[in-house]
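By written order: A, B, C, D and E. Residues from 1 in each chain.
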Amino acid sequence: MTLSESGAAPAGEVVLEAVGLTKHFPVRGRLRDLFSRTPAVVHAVDDVSFALRRGRVTALVGESGSGKSTVARLLAQLHPRTAGDIRLHGTSTRVRGGRRFRAYVRRVQLILQDPFASLNPVHTVRHHLTRPLRIHGNAGRGGEELERALTDLLTRVNLTPPERYLDAFPHELSGGQRQRVAIARALGADPEVLLADEPVSMLDVSIRLGVLNLLQDLKQRLDLAILYITHDIASARYFADETIVMYAGRMVEGGDSETVTQAPAHPYTRLLTGSAPDPERIVGAVGGADASRADRGGGEPPSLIKPPAGCRFHPRCPQAMRRCATDLPPRLTIDESGHWAACWLFDAATVAADPPGSAAADTDSTAPPALTGRPGAGEAR
Amino acid sequence: MSDPVLEIRGLRVDYGLGDQAVRAVRDVDLTLHRGEVLGLAGESGSGKSTLAYGLTRLLPPPGVVSGGQVLHHRVDGPPVDVLTLTPAQLRAYRWAETSIVFQGAMNSLNPVHKVSTQLHDVIRAHEPDSTRAGRRARARDLLRLVGISADRLDSYPHQLSGGMRQRVMIAMALALEPQVVIMDEPTTALDVVMQRQILGQLAELRRKLGFAVLFITHDLSLLVEFSDRIAIMYGGRIVEEAPAAQLYGRALHPYTDGLLHSFPALHGPRRELTGIPGSPPDLRAMPTGCAFHPRCPRAFAPCVGELPPLGPPADDDPRRAVACWLHPAGAAAPGRPTPTDHP
Amino acid sequence: GDSPNAGKKNGAAATVLNIGMPNGPQAENNNPFLTTSAAASLGYRWQIYEPLMMWNPVKPAEAFKPWLATKAEWSADYTSVKVTVRDDATWSDGQKVTAEDVAFTYELVKKYPALNDQGVPYTGATASGNEVTITMASPQFVNQQKVLWRVPIVPKHLWEKIGDPTTDPVKQPVGSGPYTLKSFTPATTTLTVRDKGYWQAPPKVKELRYTSYTDNSAQTTALANGESEWSFVFIPNYQTVFVAKDQEHHKVWAPAILGIHGLYLNTTRKPFDDPTLRRAMNMVIDRADIFTTAEAGYFHPEVKSVTGLPSPAGDSFVAAEFKGQEHKVDVEGAKALLTGAGYKLDGTTLKDRTGKAVTIKLTDPAGWSDYQTSLEIVKDGLSKIGIAATIDKANQDAWFRNVEQGNFEGTFRWTEGGATPYDIYRTIMDGRQLKPIGTASPAGNFGRFDNKEATAALVAYANATDEAARTAALNTLQKVFVDQMPMIPVGADNIGGAYSTKNWTGWPDDANPYGALQPTQPNALDVVLHLEPAGS
Amino acid sequence: MRFLLQRTVFYLFTAWAAITLNFLIPRLVPGDPVQSLISRNQGRISADAIASLRVLFGLDRDQSLWEQYVDYWRQILHGDLGLSFTFFPTPVSTVIGDSLPWTVGLVGVTTIVSFLLGTALGVGAGWRRGSWVDGLLPATTFLSSIPYFWLGLVAIAVFTGPGSFFPSSGGYEPGLVPAFDQYFVPSAVRHSVLPAATILVSSMSGWILSMRNMMVTVSSEDYITVAHAKGLSERRVALGYAARNALLPNVSGFALSLGFIVGGTLLVEIVFSYPGLGYQLFQAVGYKDYPLMQGIFLIITISVLVANLLADVAYLLLDPRTRRS
Amino acid sequence: MTISPSSLDQVVPGQGAMAPPSAASGRARRRRLRFLANGKATTGLVVLAGYGLLAVIGPWVAPYDPDARSGDVLQPPSGRHWFGTTHLGQDILSQILVGARSVMVVGLIAGVLATLLSILVGVTAGYLGGAADEGLSAVSNVFLVIPALPLIIIVTSVVEQASDLLVALIIGCTAWAWGARVLRAQTLSLRRRDYVEAARATGERTWRIIGFEILPNLTAIIASGFVGTVIFAVMSEITLAFIGISSVSSWNWGTILFWAQGQQALAQGAWWWFVPAGLAIALLGTALALINFGIDEFVSPRLRTSGRSRIRTADGRTVRMRVGFTPVLAPTPAVPAPRDGATGEDETR
């Protein structure tokens, strides 16, 4: 099993595009909120734009609760969006149900985050796979053709021999097997776009690798456009052509995977890559964990109900400038390869006016007492 | 190497009884030394959690401990076998000597009690003569220790973020300054930033307080970075045990080797990921001999017939141990007569 | 202490009489004119308020006994009555009872139709001296007792101040009777005897306790264990359930009155429009069985006379030709009668003249267990002459509607009761009440019996001015009834009660039937006045 | 708060709908109160009296349903429930006022006792599955499957009689006047023992069962395992952790059953001749006493709604999670 | 993954064990049969089946016509009349046998109807949410608020001839509200489950999602609701007959009790008139409740008594399976001298 180098894959045609996608969830207010004008909302996703291309994998990384899953569900039209647009082959779509919804989901399929929750415990694998085939007219005519289609699906996700799994109930499957059933179900609709929400987070490394290889293979064979959501930046590096970083509901950086992971531009991305566990770092170091390596977390993630003004990362940013607290940074291009970051650090004028870090929070008071800082770990590379 | 604090000998844990039983942990021997971090990794379903619950006897029905010993070496006094304690003794032993942090902090904290109540509860249970004020002061200190401001004491669990809850659990685990802290995937649900924050604090606290940690995760890279020694489980048994750096540098067991070649690294040059072919064994119908042999690329005749014992390989560092016929232990060799069966 | 319950010991013998009624919790309401008041429901209104005359329903033909009035003189056509009010009676507040009070009371009843629960068409009442003349719009020969015995006399000086006597609960009743209200709770009302001023010798019973039990079985239990000493309730198997509990003291006396129960037949439905068939049916219905099985052997005294008049209350009214003629079960006679009239008994099925099998649907409300049992027995009897009966346990409201509208084949029901047999026959045979099927006739003639002779006789009886005319009319009625059998009489209503002689004696009984034994009748006052402590 | 507002609107709507139904349903029924009165007094009220009764009850006025409805609401808003037919002219409010305390006293106390006792036993049964408390379950199920009235009648037959401590009927000894004194209170208590025991026996197993199931469910929660791991005492884990959390779902059931108290346990009241509201309702239905029926329905409606609201609030107080913004 | 999955609202068949898929079909069959392995449920089912049988054959096996009067008036149980006779000499055994049908018919029809209504209202409200939910919730709240028994009394009095079927319909139409409430709450929590979302994302139609994804997961609640309604319906029917309200002409156990009460059987000492009907009702209720236990334990893995709760160990001790104190089975060998490092015990078991 090999995960091939994939950085060189040609950029295909845009299949699905998010333009200024925004989702606010209303929340139950407290007593005092009653008297305020605006109802409280969770700013789960704000102004997210990107494109999924044929035969390419786009990774979406970011901290917990930054809105990654919400983006995927929005793209699958499971939530109505608050603002923005979703374009399938360039045409704006907004479907809630009915025939047009089914036509849409035939092309765009979602694999939900939790493999333990997304299979109905009362149904067999057969039921789970037959449904998309039938709904989207891929079941063929007669029981034999259906059986062939089912066997084919299972074989494609490497669940062999298929007859061993067809009549199993979800609880009789391991996590990796479940995940593959979920993927097979999505493939049953024969889609153009696959939205895979953390398909591997719960699996051990060997099973994880199997699933990723499968997706890689599908991308290449079927020319699928894939959105790959993950916490595991290292796998994004290996697996995705393009990587987008989200923080608190906003996109903060995007570009070619290798570039984003190896030369992160946005301070948050640097924090992220710096925090990722990396055995290479300690090999040869004096045994045991080195506490001084612990990176400063820079406090808690922001509230999404009242997100910070300006750059949402500024309260935790070691290089914050005054402008960061007031003005929302636009996408600023870093190099021609398409690498961009939403950070004032890449606006020459701003940096000139106000040195980076001048408005940074007093880290010592917010950081836990026992930690010593090692700012900007990613920079060093 | 320092003194052992927890010695697990021949621990066997089953789910169910008789023929129906799933033997989830099979004859596990493991030693945790004072002050060290012992990482435990392995395949999903290999029995890591079962081991952790079993040695503290917290396994819910139908789990039963069907044999073995769990010796806890007190700082003063003779070792006790946790498996022979009466419920009352067990209660007194728990938390004061060994505390546990489970994976889901949301589920570990009682949703209807304040954080302070839950902290007080544990102190009062073990130190009945402590005063209210004393307990409160201690609770404050504990929260501060894990970097949460003391005014969060009166919060309910749901008012805290996932990371905070996990840190509250860690604070609670340290409340009685136990010798051993067991952590079962304490950070799996968190993002890497939060994970690093928590583990950093933990490492710092360990240095200060000197407890030993049994750390379970399947994130190998994390384990390599965070622990002193690593044990790898497969099919209910420990298959390899070694200092972290040594294990990462050179895995002896083919399964460990497979694992190390399964995870992508964030930094450094891209390398080839090979993975492990095949699928996990069925605990009800384990393969004969070495459980890994059907998937093992280097399997040879003895692997099929006989179970390799776990021991220091003859040709390597004595601090390591492996259960593989490729690296026969000093004493053991293939073809050794079949050992006695259990009744 | 100063609690209202202080010094109250149950069973302090010979001063208290415990009276019970199965009427459920009561609301405090002592208005003597309202049927819905606790005073009426439990009957204690008659211990506080008195009527002008005392009438004995057990012996309806007997003369009225003077009470608040010493004398009552009817005009020949019975449209007015002149009463002489006794001059030694006082209200419990000490004021004298006067003719003014009496006239006021009748004017009150006239003025407020809602208070006129007897429906007597009063036109006025005038007092002069100690005499009051009460006038009515029509002859009231058959309603004498409604005028003189049924109207509680109230004090004018208090009642003229009452704004709306139809909605006033009269929390502090003041009457001329021997008792005054002591306390009221929804379960129990207590009366104490007046310390002075009652016009007769005061009663020996110092305190009357009226307890309202929620239902028959609770009341029966209370009677059986002695909690209640006097009540009116249906006791199944009363010998075992009640009498046997204290053979010596527990007694039941259930005299009949002039009101009966029986099987109404719809005389418009074929083949029940045939009097022969009805007479034959009468011949096979076992009244004695119904009396013993359904009515526990006492509750609805068996009507033996062929005329449907109960004994002994109706004895004096029975026409000479029917005197001594008693109903007997006679299956063979019935068969003969039917065969003679063209019916055919085909095995176990009776075929009418057209050859159709005779069947009948009997109906009564589901909850009325004595009627239901009676129907079972009727069914048994009818089957002996080949009539297949089915029993329908109807819903009560529907049953009421259907019976009044004539939508039934056969049903057990009561007739109204009164001082003469007039009320019985009127309920069954009154052509003036004849309505087409589907139109309600609430006042009677449910079977749609159409007989000019009977109607004329009823009119004649009510309006007659001499005894001979009345007798003639009544004889006609009886003859029509016996010939046509529009309703098959079975049992009479009783006006008795269950009582205990453990603490009190002097109750009316067969040996001394001085009055009705129902605690809710005006006679109750008379009964209480007769009571003596046991053993004295 | 918007939530509360929303709930309030919701409750108001429900109240309106229920009250309207309360108004309509009795009117759909054939038959009228006069007829019922006559049937109650078979033959002893003459046909001539019908007219007088109709006048008395005000049934002679011809009002359209709509006019009656408007009147009805006017009355309710004035706190006037009208005059009862059965006890004419006693105001419905007086009738209810007379019987409500009895029902609330008997059924209220037994409901609470039943809940407490049942919950306690349920905690025991759920905590130690397979112990003797748990073994009690089929027996209590059997008891709760017996109709109330049957159990009551048997209790009367077995336990009452001359010389027995238990009276067979009523709320207190005849002759006593309700008052808080040494005569009345013991009598009232004595009279309530059997009915209360009947209700208790038949209603408790429901609580036992639901509490047991909740306990079993909660016992396998992680935080219980953690509580054990913390070495807390058995009592503390069982009560402070397991029972405390298992109680939550039962609280709303309990609050609702408090609301149904007012409806009384009709049959128990009938069987024991207990002067409560349930019995009155039964009578009112039988006698077509619309005003009384409506009045009692209104009280029940309001108390169920209030109990519902209480359940919401109690949940809010007991479960900090719902307090979340 | 921890081995104790936990969330209050999880009533779905267990997960956690990764059993070999090869045994799948066999396990599924076992899963179904497990219901019968539960002693309580089996007892309940057997008793219920007995009642069902009675309902069918009762009138034929009845030794007498239940209406027929005989000379044996108010006789205690004897060889001739096993359950004794009434005041009319009717055979009580025959009345019970004949009455079973009416009771069963009313109970089952009302149960089915109420269950269907509660599913219709509750699940729809819970799934659709929004205005539909508010409306349907309000309707069920209104039905919840209206006292059921008086309502049934009133409604039965509207119609002249209340047949068994009608009584069943009325009870069914008034008894669904509670079930609807519970189902709504549960549906509300299921609606946002990932597998429902996943079904939507697959393109399933709404009715299919409700019918095939949500309903099967509500089985336990629906079944226990059904059992509860049947008990309620039977009790209501019997109560109606007992207080003499319903106009059902046929025999049922309530009618028997009505006659017994009307004749004050207990005061007369005729216990045999009361006891059989009461016991028949109680036994039916118990049977249904036992089935309820079975369903609960069948569908909710947590309630399932996992084998024995007490186990006998090899050395003869008895240990209890309980949360928090895992039993230790094998006798612990004498404490050997503590050794450093691991040993290679290679026993196969």
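Just so we're on the same page, a residue touches a chain if its C-beta (ideal position, glycine included) is under 8 Å from a C-beta of that chain, and two chains touch if they have at least 3 such contacts.
Listed by chain with UniProt protein names: A, B = Peptide/nickel transport system ATP-binding protein; D, E = Peptide/nickel transport system permease protein.
Being a predicted model, the structure only gives us computed values, none of them experimental.
When chain centres are defined as mean Cα coordinates, C lies farthest from chain E. Contact tally for A-B versus A-E: the pair with more C-beta pairs in contact is A-B.
Separating the centre of chain A from that of chain D, both taken as means of CA atoms, is a distance of 55 Å.
Distance between chain C and chain E, defined via averaged C-alpha coordinates, is recorded as 51 Å. Centre to centre, using the average C-alpha position, chain B and chain E are separated by 45 Å. Separating the CA-averaged centres of chain B and chain C is a span of 92 Å. For chain D, residues touching at least two other chains, in rising order: 29-31, 156, 220-222, 225, 227-229, 270, 324.
Residue positions of chain A with contacts to 2 or more other chains are 174-175, 202. For chain B, residues touching at least two other chains, in rising order: 44-45, 58, 60, 87, 90, 102, 104, 107, 280.
Interface residues of chain E facing chain D in the complex, by the touch rule stated above, are 2, 4, 6, 8, 40, 134, 137-139, 141-142, 144-147, 149-151, 153-155, 157-158, 231, 235, 238-239, 242-243, 257, 261, 266-267, 271, 274, 277-278, 281-286, 288-290, 293, 296, 300, 302-303, 305, 309-310, 320, 322-325. The residues of chain D lying in touch with chain C in their complex are 29-31, 35-37, 39, 41-53, 55-56, 83-90, 94-95, 98-99, 156, 160-162, 168-179, 181-184, 269-270, 273-275, 279-280, 283, 288.
Only residues 73, 76, 78, 97, 101-102, 105-106, 109-110, 112-114, 116-124, 131-132, 135-136, 164-165, 167-175, 177, 182, 185, 188-189, 202 of chain A touch chain E when the two sit together in their complex. Across the complex, chain C meets chain D through its residues 1, 3-6, 8, 10, 16, 18, 24-29, 31, 34-38, 113-120, 166-169, 183, 185-188, 190, 209, 211, 213-215, 218, 221-222, 225-227, 245, 259, 261, 365, 396-398, 400-401, 414-418, 423, 442-444, 493.
On chain E, the positions that touch chain B within their shared complex are 1-4, 6, 17-20, 306-309, 311, 314, 321-330, 332-333, 335-336, 338-349.
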